[in-house]
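One chain, subunit A, links the two complexes that follow: it is found with subunit B in the first and with subunit C in the second.
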Partner chain A sequence: MKKILLGLMLLGTLLASQFVVAAADLEVNTPAISAIKNSMQSRHAQLAPFYASGAIGLTKDGLIAVRDANAVPLAQRGALTGLVKDENADRSKLYKEIAVANGHPEWQPEIQSTFAGRWIDKAQSGWWVQGAGGWTQK
Partner chain B sequence: MKVFFTACYFFCAVFYSFSAQAVSEITISAGRVEHPQVDAQQLAIKLNLKKTDLQLRLNAAVKQKTGKDWTQFSLNCELPRHKTSAKCMDGLLKSERLNVPFSVEFSHLYSGSKPDVDATLKFKNASFSDEEGLHAAEKLNGSLAIALKQSADAWLWRAALDWQSGEAFWQPFYIANGGHQLTVSGRLENEFLTFDNAYLKVKDVGELKASGQMRMGDYKLLNFNASLPQLDLAAAYPMFFKPLLEKTAFAHADVAGVAALKLEIENAEPKTFELRLKDVDIADRSGKFALYKVNANVPWSYDEAKEVSFAYEHGELLKLPLGNTNIQAQVNRYALTAPNIKLPILDGSLNLTNVSAARSGGQWYWHLGAKLDAISMEDFSTQLNLPKMTGKASAEIPLVTYAAGTLTTDGSLVLNIFNGSAIVTRLTMQSPLGIAPKLNADIALRNLDLGILTSTYSFGAIEGKLDGDVKGLELQNWKPVKFDAIVQSSPGKYPKKISQRAVENISALGGGGAAAAIQRSFLRFFKQFNYGKMGLSCKLRNDVCEMGGIESTPHGYVIVKGSGIPAITVMGYNETVGWSELLARIKRVTAGNSKAVVN
Partner chain C sequence: MKNWMLGLALVCVIPACVTINIYFPAAAAEKAADKIIDDVWQLKNGAAKPNVNNEDPAASTAK
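Here is the complex of A and B:
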């Protein structure tokens, strides 16, 4: 009985979180969102080789992180960590702005975790992504 | 040796290989040696006794108890008999992320029975890295001379590091090449490491002299006295300051000039510092701000208030030119105050009064009063690439507050423009220099001269006065996303005339129709018409503007209501217009690309 109750509760929370995400318009556009997206897009060309070499990877919380910078020349590592910082600042701002544009700033965590899944799904093969058990290569 | 054997807890195998006559070689091998901090395996020590000088060969794999990677260690030493000196060659520390070939020369190890070490370590082509690669160095060449001797209760020490070549990345700092030297001496007593006469020379950047005391338990700097008399910012900024300013507006700036810095830490708290800037230029790469020929003296003391001066010859902020400025302020621990700051902008100036700023919990808080003395709108509009405006603008805000990234104004900002006024109230701004700045405000326009306004925006001449109310304006990245706006002719008696071209343009904004009607009718013979009242409203939501006029009719709304002879009434029929479509229409109209004017 307990198990069934627990299962129902779990299902309930799952449905509830699905409902929130379903209700949120993730494609909503505002000048703030498009400014952030433009900034991320122009940075992507610089990040792409680092994704490919495995120096950086996509984290399970919708951000990116330095995974193994040893393949990157020392002179570029400062720029790499700077890019990661800038990208994460933009990503956090993006999730916040999408939540605000949906009229529900409190949805930010759900939106962020939905995006985390999206980024990982869309990641090219060979890129490193973070799962429950740590880093894996797609 | 005694220490070593007591460390053999787990498994130890010792072999002595004796020759038949005399002992010529001693070999000690151990499969595994354990120690509370370090594990060693495949340990081999060979002592060759045949030669005049003793030869010692060491080989082992070692690792820290908590680590998982083994590091290979090997070293060959010559120990001259009857001397305390030694020479060790072919030293190597090697693991997956570590490769340090080295040699070490001991000029003496003991004096009497007390340790008195004087050694020079030379490393050649050394490299190391941590797992993530965020603390790493490559192709390092250099030497480290160390002297260490026991004296009463303390150890006296001396070190000289000569970093000849090689690069290093120590997050967030990157040093591209060698040529740097550090010499330092001091004493180690109990857990306190005292150093005096520390001298650091960083090539192309400058020299640092320092003394102080560090607690070894937590590496806390208890006392520190440092002076950098001449710091070349062009080299020092990208190397040392930029990485620390990564998240600030100064992250993407180029800096040149000279700085001098003095710093004093007492009992682990900053006590004083003094920063001097000499002819420093700082310019943001994306052109958001720039200051040239900055000369500043910024003293600071924990105990007493100090006078700060900060001056620049010229600069710009968001493309507005800033003139020669000299700021005097008082700094009192973590707060800064200035009764008056005058910032010349364009041909006028911004006067800040009762400025007060404080830093608390890593955030800035400040407030001030601001008064903008008349600046030329012509210069202003040219600088910002706006349609050319005329007249002068002045403004006054009684209280501006900035707290944790948000700028708020109390009272109203009054701008005098187009012979009328624009009153901005409830103005707040978030991260104005950030990637997606936000602005909220209410704006009331009163008695704007339509003659000047319409000639500014090449809209077609209208004579009269205009009032407007923009409520709940929200800008993101300086673009409007939300407002309730209405503009209409001001109340009162004054000449009200509208040109045929303006009529066409207005009707084009409202969705067209009228222009064609004029051209078909007798009205085309008139260049201008009288009007009684005019007005247009737009309620912007989700990129769509819900439009209205001064009156509603069953088929639309009235934008211009005629009066007298010849009179004309202009109607609008589009109830909703996409915001970008409306902007495109305004652009077409003001660019003069609307339908040909019939004279």
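Here is the complex of A and C:
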């Protein structure tokens, strides 16, 4: 009888560890997420020079913001504002879609703050990032 | 006695499954974020190459 019980507990442990494995990865390969990613990837070519000049920076909440409009010629400022707006819309959609794709829409704020840290960590040197004390240059 | 031990086993295992599904998987989220950021910013070698190739002709025609 003890053997059966031991077997049951072992089975239980195995099942539990399967749940752990299943939870080890977040689903990020849905069509919706891929579409947002592609849109952000093609926009990045336009945004990259603005990151480098310090005109825009990465905010602590996982978005981007115009940091120094004077770094941009007047004629380009309108276009830049549009780019930043579109990028932030895509980013917010991305965080929401990841939460929804994993069956937990309530995870969106946590996903957003996880991304915020990773964007800033991966930013190139010279780019501006927002910390607790304000803007700093990497 | 049997039932009591089986009950104990279930009490140990079931919360483990439930807990994992309720709490935010921070490590998995970081991994997912890294993957997406690498794609968007093209930080991996495979994607970085065409970027370099694109930049060179553009720079030379601009000058």
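In this section, the second predicted complex is superposed on the first by the 111 of 138 C-alpha atoms of A that agree within 3 Å, B and C clash if a C-alpha of one lies under 4 Å from a C-alpha of the other, contacts with A are read in each partner's own complex, and residues count from 1 in each chain.
In the analysis below, a residue touches a chain if its C-beta (ideal position, glycine included) is under 8 Å from a C-beta of that chain, and two chains touch if they have at least 3 such contacts.
Model, not experiment: these values are computed from the prediction.
Asks: Quick one: is A:129 in contact with subunit B, with subunit C, with both, or with neither? Answer first, second, both or neither.
Replies: neither
Asks: Does subunit B (first) or subunit C (second) touch A:44, or do both, or does neither?
Replies: A:44 sits against subunit C, while subunit B stays out of touch.
Asks: Quick one: is A:115 in contact with subunit B, with subunit C, with both, or with neither? Answer first, second, both or neither.
Replies: second
Asks: Which of the two partners, first being subunit B and second being subunit C, lies in contact with A:84: first, second, both, or neither?
Replies: In the superposition, A:84 touches no partner, neither subunit B nor subunit C.
Asks: Go through the superposed model and pick first if A:25 touches only subunit B, second if only subunit C, both, or neither.
Replies: second
Asks: Have a look at where A:58 lands relative to subunit B and subunit C in the superposition and call it first, second, both or neither.
Replies: After superposing on A, A:58 lies clear of both subunit B and subunit C.
Asks: For A:107, using the defined touch cut-off, is the partner it touches subunit B, subunit C, both, or neither? Pick first, second, both or neither.
Replies: In the superposed model, A:107 contacts subunit C only, not subunit B.
Asks: Taking the stated contact definition, name every residue in subunit A that is touched by subunit B in one complex and by subunit C in the other, in rising order.
Replies: On subunit A, the residues that contact subunit B in one structure and subunit C in the other are 33.
Asks: Which residues of subunit B touch subunit A in the complex?
Replies: Touching subunit A from subunit B are residues 97, 129, 131-134, 136-138, 167-169, 171-174, 176, 243, 246-247, 251, 435-436, 438, 475-479, 481, 543.
Asks: Spell out the residues on subunit C that touch subunit A in their complex, using ranges where they run on.
Replies: Residue list for subunit C touching subunit A: 2, 5-6, 9-10, 12-13, 16-17, 20-21, 24-43.
Asks: So in the complex, which bits of subunit A are touching subunit B?
Replies: Residue list for subunit A touching subunit B: 29-36, 39, 55, 66-72, 74-75, 77-78, 81-82, 85-86, 89-90, 93, 97.
Asks: Under the stated contact criterion, what part of subunit A meets subunit C in this complex?
Replies: Checking each residue of subunit A against subunit C gives 1, 5, 8-9, 12-13, 15-16, 19-20, 23-26, 28, 33, 37, 40-41, 44, 94, 98, 104, 107, 110-111, 114-115, 117-119, 122.
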